[in-house]
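Here the chain labels run A, B and C in written order, and each chain numbers its own residues starting at 1.
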Amino acid sequence: MTNAYDMGRRQSATVGDSLERQGITRRAFLQYCASIASLMALPAGAAEQLATALAKARRPSVIWLSFQECTGCTESLARAHNPSLESLIFDLISLDYHHTLQAASGEAAEAARDAAMKENAGKYLVVVDGSVPLGNPGYSTIAGIANIDVLRETARDAAAILAVGTCAAYGGLPAAQPNPTGAVAISTLIKDKPIVNIPGCPPIPNVMTGVIAHYLAFGALPELDGLGRPRAFYGETIHDRCYRRPFYDQGKFAETFDDEGARQGWCLFKLGCKGPVAYNACATAKWNGGVSFPIQSGHGCIGCSEPNFWDAGSLYSALSMPASPVTLGAAAAAAGAAAGVAVTFFNRRKKAAAKAGHETTTLDDLEK
Amino acid sequence: MSASLDKGVRVLKEMIDAPIASYFSSCVHCGICAEACLFYTETSDPKFTPIHKVEPMRRIWQQEYTLLGRLAKLVGLAKPVTDEELGKWKELVYDSCTFCGRCSAVCPVGNDIVYMVRKMREGMSAAGHAPEGLKGAVTRTINIGSPMGVKLPAVKAQMKHVEADYGIPIPLDQEGAEYLVTLSSMEIINFPEYLGAIAKIMRHVGKTWTLSSEAFEATNAGMQIGNSDLARVIVARVVAGAEKLKVKTVISPECGHAYTALRWEGANLIGRPFTFKVQHIVEVLDEFRAAGLLKTEGMETDRLSFHDPCQLARRGGVIQPQRNLMKMVAKEFVEMPEAGYMNWCCGGGGGASSIEEGEYLRIEAFQVKKRQLDAVKPDRLVTACANCRIVLEEGLEHYKMNLPVVGLTETIAEHIPDPE
Amino acid sequence: MDQLQFLTWVRGPGLNLALLVFVLGVLWRLIEIYGLGRKTDLSAPRHVPGASGWATIARRSLPAPGLLKSSPVTYIGGYIFHVGLAVVVFLFAPHVALVDALVGVTWPALPSQVIDFATVVTMVAMVAVLVDRHVKWAKRFLSTFGDWFAWLLTFLPLLTGWLAVQHLLLPYTLMLALHILSVELLLVCLPFTKLFHAFTSFGSRWFNGTMNGHKGVPV
């Protein structure tokens, strides 16, 4: 990994140099570029251009901050099933600080962060996983420094921030009701830097590296949607691209996880699949080196890349399903009947009064 | 001299019932009732849309009998019904509605609109907004005995004429007769041939019958003006007469609304079921025919058509009997388009013909009748309502159509063979 | 509130609230209307086959003789949009699934393509009746704010549902939420607008049929 000592050497290298030194073949690199290009729906031939641009790009300094998180996002990246591709991330960047991965510890670790910030002021990228607690600064600290302070300090001279994972992007699990730590998303705290949200629990490794590759190759962050996500990866719902979609259109649904429909691979909508409301690339990029994704293994999408998905009702009740209407319906019926009976009581009294007030009309009474 | 808005509103509150509340709740403003109303189709004036004619009653229902409407009224959001407004509605509730009931027959959500107009008239008359013509008719009926001012001596004089002309005695106040024959004053004054025809037919079928000196008039201007109290006074005369003479059946004359007043409203007006049967003369004749009592000879050779009085057919359920009778005597019987259940009104029913200021409307509305007649071009038009007959004659004259209108009963009577 | 929170609200508390108001409103209004009662008819009835309230409930679904010609848009447009609404509301798979989840009753659904077609046809018919309301004299004269509002209440669920399924205009999550919200709006308003004819037209037909049936007229 990296340390303060050899940081300077690494800074000077281009991506191409680094690849060469690591013994990565051009073929493997091109394969990686092709997968990123297809994921971002770039036109044909773009992979070659991407590879050329990437090889020439200078490796940026990256400071990785982990706050209230589970390290799943790092795991997603570091322990990818097929390390030869996704682990390329570590050859694209100069990872100067990551408290889980770095060898250095204690003061040396923090010194590495300081050094990287000073040397690359205005140019380094900050990757954040995890949310920041606002309830009490002591809830989460690194080297005795509250998360919020680390974030503010590190973000000050950053070129951009990548909020990786649903916690960093939207608050995630720590922010789920009742949100005991007062957890907030990175974008809540930092307003003056470009922030790319890469939500998911965890995000797809290729999407994380793809954003960095885009930044390196094109010198700019990708186009974002209203929720700060790169459109290239989060432009469509899982449902849109799901291979089980035809079954949905035909109205063929698995009713339980072990029925004939489930065995036939029918749509999991009724079992609570959140595919229709989850914007992510799982159905196309897939996981574990393109092997599968949750729906393919027979479980509905839980919509983990959507804001507040933890609080969006049961993972296993269908999207069109309300919470608990039957008891309420009975109560409403009783209340409605009571209201109707009450109105009728007064209506009948009023009508009876009108009748009692009837004066038999004579011919004279036809005139005013 | 006590009619007032308050009284009108009170009466409407008394009138509004579940059907009316249901009808108002169901209306979707589709406008189909307008297409069924001859006053709309012939004038294209949307204010004659039937459901619009009861708009003030709708607001009273809403403001008095719905929770939301009451709340709106409480906070001053409801538009109250004013006397001036009811004054404006007179033309809609009286002049341009003949109770023909085509709107009630077509409404897709099932609203019986004419039922509502009938109730609306109760409020209108109590509020002093009944037309002068109808007030006159009801005053004459209550005070003199008939809307045209006919008194018993006039009836007796007519009886004498008929006895002389037909050579058949006309029974009066004959207790225990099977049938009590009632008349409309129109028949007493304009169409005495009706009485002669009855006499001839009754002798032919061998049934006992009688006129009543206190129940000769069957029409009910009280019902037309929409006042149950007055309508009750008038219908009670017929009930008293029938019960006094212990007849089995009261025969309603060739008059549509008299049939409705006796057959359907009567028992409800007096508050108890009748002890006798009420039948329209056309029903009675058809019964005689079916029983083989009525035998006619010879046929009319000219082209005849039949105009169904609304109260008899659409609102009264008598549609086939008149056709059976027509076929007995007409070689060439042609049906007008939409004849029978959906026949178009003459334009003067429901008391409208007594409203002078509504005459221009009746003439306009008659165009639909003209189209119906032009479609089949009969030589003569038969009907079973003296009021239809008068209104038709007026319309035909205005449009310079040379088409005689005759009563069905007299047409049948002409084919009764003379006794041996 | 983000899109998913919005969707969560509309299909959770929102739907509960809407169903509550709907059920409460329907019962209250039905009792308020029919609780007024009516007098028994003392006249002697005439019995004719087919002259009854029940027969009229069925018969009034057909156009009255001669009226199809004078109100073609009202009738044809009305049929298409009522039938279309029923098809879309009751035969779309997610809707069937919803009812199944709510009350445990299920029935076969139609393929999405058929529903899609029915939705478009229904919307076209609704636009036609709207134009007709504007153009046709008597209809325009009768029209109040309530008529235009009721049209919108009925149209919005169709439009938002269709847009959601087609993934047009807005992200699916937001569109689905708006669709459910528009249905909730419809449910809340139905008992208190002319849309209540969905319930009372049966009562009205029955009253008309039974009162005229008493006279032996099969209206």
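Odds and ends about this structure:
Assume a residue touches a chain if its C-beta (ideal position, glycine included) is under 8 Å from a C-beta of that chain, and two chains touch if they have at least 3 such contacts.
Given the structure is predicted, the values throughout are model-derived calculations rather than measurements.
The most centrally placed chain, judged by C-alpha centroids, is C.
Centroid distances from subunit B, each centroid being the mean of CA atoms, peak for A.
Per-chain Cα centroids separate subunit A from subunit B by 78 Å.
Mean C-alpha position of subunit A lies 40 Å from that of subunit C. Averaged Cα coordinates give subunit B a centre that lies 38 Å from the centre of subunit C. Each of residues 28-29, 32, 35-37 in subunit C touches at least two other chains. Among all residues of subunit B, those that touch two or more other chains are 16, 65-67.
Counting partner chains per residue, subunit A shows two or more touched chains at residues 339, 343, 347, 351. The touching residues of subunit A, when paired with subunit C in their complex, are 170, 227, 237, 239-240, 248-251, 253, 269-270, 276-277, 279, 303, 306-309, 311-313, 317-326, 328-329, 331-333, 335-337, 339-341, 343-344, 347-348, 351.
Residues of subunit C that touch subunit B in their complex: 28-29, 32-39, 41-44, 46, 48, 51, 56-57, 60-61, 63-67, 70-71, 74-75, 78, 133, 136-144, 147, 150, 192, 194, 196-197, 200-209, 211-212, 215-217, 219. Subunit B contributes residues 16-23, 25-32, 34-36, 40-41, 44, 46-47, 49, 51-52, 65-68, 104-112, 115, 263-268, 271-274, 277-278, 314-317, 338, 341-342 to its touches with subunit C in the complex.
Partner subunit A is touched in their complex by these residues of subunit B: 1-4, 7, 10-11, 13-14, 16, 64-67, 125-126, 128, 130, 135, 138-139, 142-143, 225, 227, 229-230. Against subunit A, in their complex, subunit C makes its touches with residues 2-5, 7-8, 11-13, 15-16, 19-32, 35-37, 93-98, 101-103, 108-113, 167, 171-173, 176, 180.
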